[in-house]
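In what follows, structures are represented as C-alpha cells.
After this come two complexes, each holding subunit A, first together with subunit B and then together with subunit C.
Take a look at the complex of A and B:
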C-alpha cells in the first residue's frame, strides 16, 4: 500500500497500491526498469520499502527483522529471474536445500523427496547434473520445482520465460497453469512476454512510472485505448514510452 | 540534515560482517566437508606459489643483506640470526598474507560476487539459509587455519633458500646461519599475532567486497579488485599497528 522505493536518486516505485487475490494468476507487466522485480522482492522481505506498507494476510511485515521472514518465505516463494540455482550443487541438491533448511528433513530424506519434485517438472533423469550442464529452460523448471518443495500458498515467478525458445516458454506456461488450476496455488508472474501474458493471466497489472497504470483482466488490456498501454502491447517504438 | 561518513560506515559494515561470522560459528559450526574443501583450496593449492615467492625472497634478501653488510663489517656470522628474526617477526607473516590475499582473497570475492549479481545470495535467504553462515564461515575458518600453517611453511622455505644463498655465495656455515640468537619469544608472539590478524581480515574483506558487488560481470571485476586493494591496505595498516604495539609492549620494556 502506497509503496515507494528509491535507489540513490532514482525513485523506482512511487506509491504502488496493489492487492493480490487468492487463487488467481496475476501478471505484473511493464517495460524494463519499471520496478517489477523490485516490487515482488518486497513481498518476500528481500527489500524494505522507503515508505508505505507491505501486508501479508493482513499483517504488516514492512519492518520485520530478517529472522522473522522464514515462515513467510515458506508460504510465499520467489523464483528469481536468472533461476539462481546454486552452481556448486547438483540439480537434486538444489531442490533438496529448502527441504532441509525449511522443513528440517535429513540430508538423505531431502535428497529422496527432491526426486518427487523433479519428476513434477520432468527433470528426474537429469537430477545429478550440475546447473551448468543443462539448458536455461531446464534450469527454470528446476528452480520452479525447488520453490514447490515448500508447498507454498503463493509462487512468485520473476520473468520465467525470458530467454527461452517458444517450446520451452510453452512448457513453463503450462507449468504455471497447472500450479494454479491443479494445485490451487496463487501465482504472481513478472513478465513482458506478451504471448505468455495473454495466454495464461487471469489478471494483469501494468506498472508505469513507478505506479500501477492499469489493472484488470486481459480483455481490459485488449480493448484499452490508453496510448501507453497500446504502445506496450503493440510493441510500437513510437509513442509516450521512451 | 544527515551527515554521513562513508569510511566509518565501511568499517562498521566490515566489523558487522566479522561479528555475524563469529556468531554463526558459535551458533552452528560449518559442515566439516565445506571447511576441508576451503582448507585445501587455501593451503594446498598455494604451496607452489608460496614456495617460489618465498624462496626467491629469501635468496634475494640474504644476498642483498650480506652484500651490504660486507661493505661495513666483513663478518657474516650474525646474518642468519638477523634474517630469521626478521622473517619470523615481519616478512614471513606479511608476505604470506599478501600472497594469499591475491590468490585466495580474490577467489573468495569473485565467488561471492558472482553469486550476488546472479541473485544466488538472495536465493539463499529465500531458502532459509544464512548467506554468512553458508558462504563466509567455512571460508573464514579455512583461511585462518591455513594462513597460520602457510606462514610457518613460508618462513621455512625462505630460511632454507636464504641458507643456501649464504652458504653457496658467501660461505656462511649452515649451522652458524641457523641461529635463533636474535629471535625471542616476543618476536614469535608478534609474528603470530600478525598472522592471526591477517587471517581474520583477508577473508572478511574479500567477502564484504563480494556481497557489495553489483552490475553484472563488471561488478565482479570491481569486487575482486576492491578485495585485493582493501586486503593489502589492511595488511599494511595491521602490520604497522601490531609492530608498534608489540615494540611498546615487549621490546621497549
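Take a look at the complex of A and C:
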C-alpha cells in the first residue's frame, strides 16, 4: 500500500497500491526494469519499503525483524527469476532439504518425497544430476518444485516461464492452474510471456513508471485503448514506452 | 588558521573513517560470533551440511599442512643446530626444536596455511552464494543462514584445525628428526630421546588450544566476509583478500594472548 522504494537516487517503486486476492492467479506484468522483482521481494521481507506498508493477512509486516519472517516465508514462497538452487547439492537434495528441515522427515524419506515434487515439474528423470549439469530452464523448474515442498498458502513466481521452451512453459502454466484450481492456493506470477498471461491469469496488474498503471481481468487488457498497454501487449517498438 | 584547520582535518577525518570502518567490521564479527555460538549450543544441527564441511575442510587442508609441518620441523632443527654445534649440547636439539614447533611456530604456520586454503575458500564459496542469491534462497526456505551455513563451517574448522595441529606436530617432529640425521649428522635417536625427555606435553597442549582458537577465529572471519559480500565479482575478490588478511591478524593477536596467559611454564 503506497509502497515506495528507491536505490540511491533511483526511485523504482513510486506509490504502488496493490492487494492480492486470495485464491486468484494474479499476473504482474511490465517492461524489464520497472521493478516487478523489487515489488515481490517486499512481500517476503527481502526488501523493506522506504515508505508505505506491506500487509499480510491484515497484519502489518513492514517492520518485522528477520527472525519473525521465517514462518511467513514458509506460507508465502518466492521463487526468483534466476535459479537459486544450491550448487553443492543434486537437484533431488535441493528439493529434499526443506522436507527434511520443516517436515521432520528422515533423509531417506525426504529423498523419496522429493521425487513427487520433481514429478510435478517433469524433472524426475534427472533427479540425481547437479544443478550445473542441467540447463537454466530445468533449474528454474526444480526451484519451483523446491518452493512447493513448503506447501505454501501463496506462491509468488518471478518470471517462471522466461527462457523455457513451449512445452516446459506449458508444464509450468499447467502447474500454476492446478495450484489455484485444484489446491485453492493463491498464485502471483511475474511474467512477460503473453501466451501464459492470457491463458492463465484471473487478474493482470500492469506496472509502469513505479505505479500500477492498469489492473483488471484479461478482458480489460484485451480491449484497453490505453497507448501504453496497447504497445506492451502488441510488442510494438514504437509508442510511449521507450 | 582556517587553512591549518582544513589541512589538519584531512588526516583526522581519514583516520576517523578508518576507525569507524574497523569498528563496523569488529562489531559485525562479534555479532556473528554470538549468533554462531548461540546456534551451536541449541539443538537442531544440520548433520548433512556439517558432515560435508568436515569432509571438504579435511580434504583441502591435509596436504598443505603436512608439507608445511615437515619443512617447519626441518627448519627449526637447522636453526637450533647452530646452537647445538657451538655448545656441543646435542641432547638439547629435540628440546629446542620441539618447544618452538609445538607451541609457537607450528600452530601459527599451520593456522596461516589453513586460513589461506580453507578460510579463503570459505569466503569465496559463501560470497558466491550471496551473489547468486543462494543465501537469500536459504532465508526464503525459512532457514537461518547463520545456523544452516555458518555453524557447520565453524564446527568443521575448529575440529579440523585441532586434528591438523596434531598431525602437523607429528610431521614437524618427523621432519626435524630426519633433518637431524641427514644435515646435522646427529643420530635420530638422540633427537627423539631429547624430545621425549623434555616433557613437551605442556607445549603440545598449548598448541592444541591455539589450534582450537585459530579455527574459531578463521571461521568467524571468513564467514563474516563471505556473507557480507556486495558488488559482484569485484566485491568477492576484495572480500577474499580482506578475509585472509584479517584472519592472519586475528591469528597473531590470539596467539599473543594465549602465549601470554599460558605463561612460560613447562
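As a working rule, the second predicted complex is superposed on the first by the 233 of 242 C-alpha atoms of A that agree within 3 Å, B and C clash if a C-alpha of one lies under 4 Å from a C-alpha of the other, contacts with A are read in each partner's own complex, and residues count from 1 in each chain.
In the analysis below, a residue touches a chain if its C-beta (ideal position, glycine included) is under 8 Å from a C-beta of that chain, and two chains touch if they have at least 3 such contacts.
Remember, predicted model here, so these are calculated numbers, not experimental data.
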Superposed partners subunit B and subunit C on subunit A - clash or fit: clash
Which of subunit B and subunit C A:44 touches, first, second, both or neither: both
Subunit B versus subunit C as contact partner of A:80, first or second or both or neither: both
Which of subunit B and subunit C A:208 touches, first, second, both or neither: neither
Most subunit A residues touched (candidates subunit B, subunit C): C
Touching partner for A:221 - first (subunit B), second (subunit C), both, neither: neither
Offending stretch of subunit C which, after superposing on A, collides with subunit B (from 20-28, 92-100, 164-172 or 200-208): 20-28
Footprint overlap on subunit A, comparing subunit B with subunit C: 44, 46, 66, 69-70, 73-74, 77-78, 80, 82, 84, 86-87, 97-98, 101-102, 146
Residues of subunit A that touch subunit B when the two form their complex: 41, 44, 46, 66, 69-70, 73-74, 77-78, 80-82, 84, 86-87, 97-98, 101-102, 146
Touch list for subunit B against partner subunit A, complex: 114-115, 118-120, 122-129
Of all residues in subunit A, those that touch subunit C in their complex: 44, 46, 66, 69-71, 73-74, 77-78, 80, 82, 84-88, 97-98, 100-102, 107, 143, 146-147, 150
Residues of subunit C that touch subunit A when the two form their complex: 46, 48, 52, 129, 132-134, 136-137, 139-144
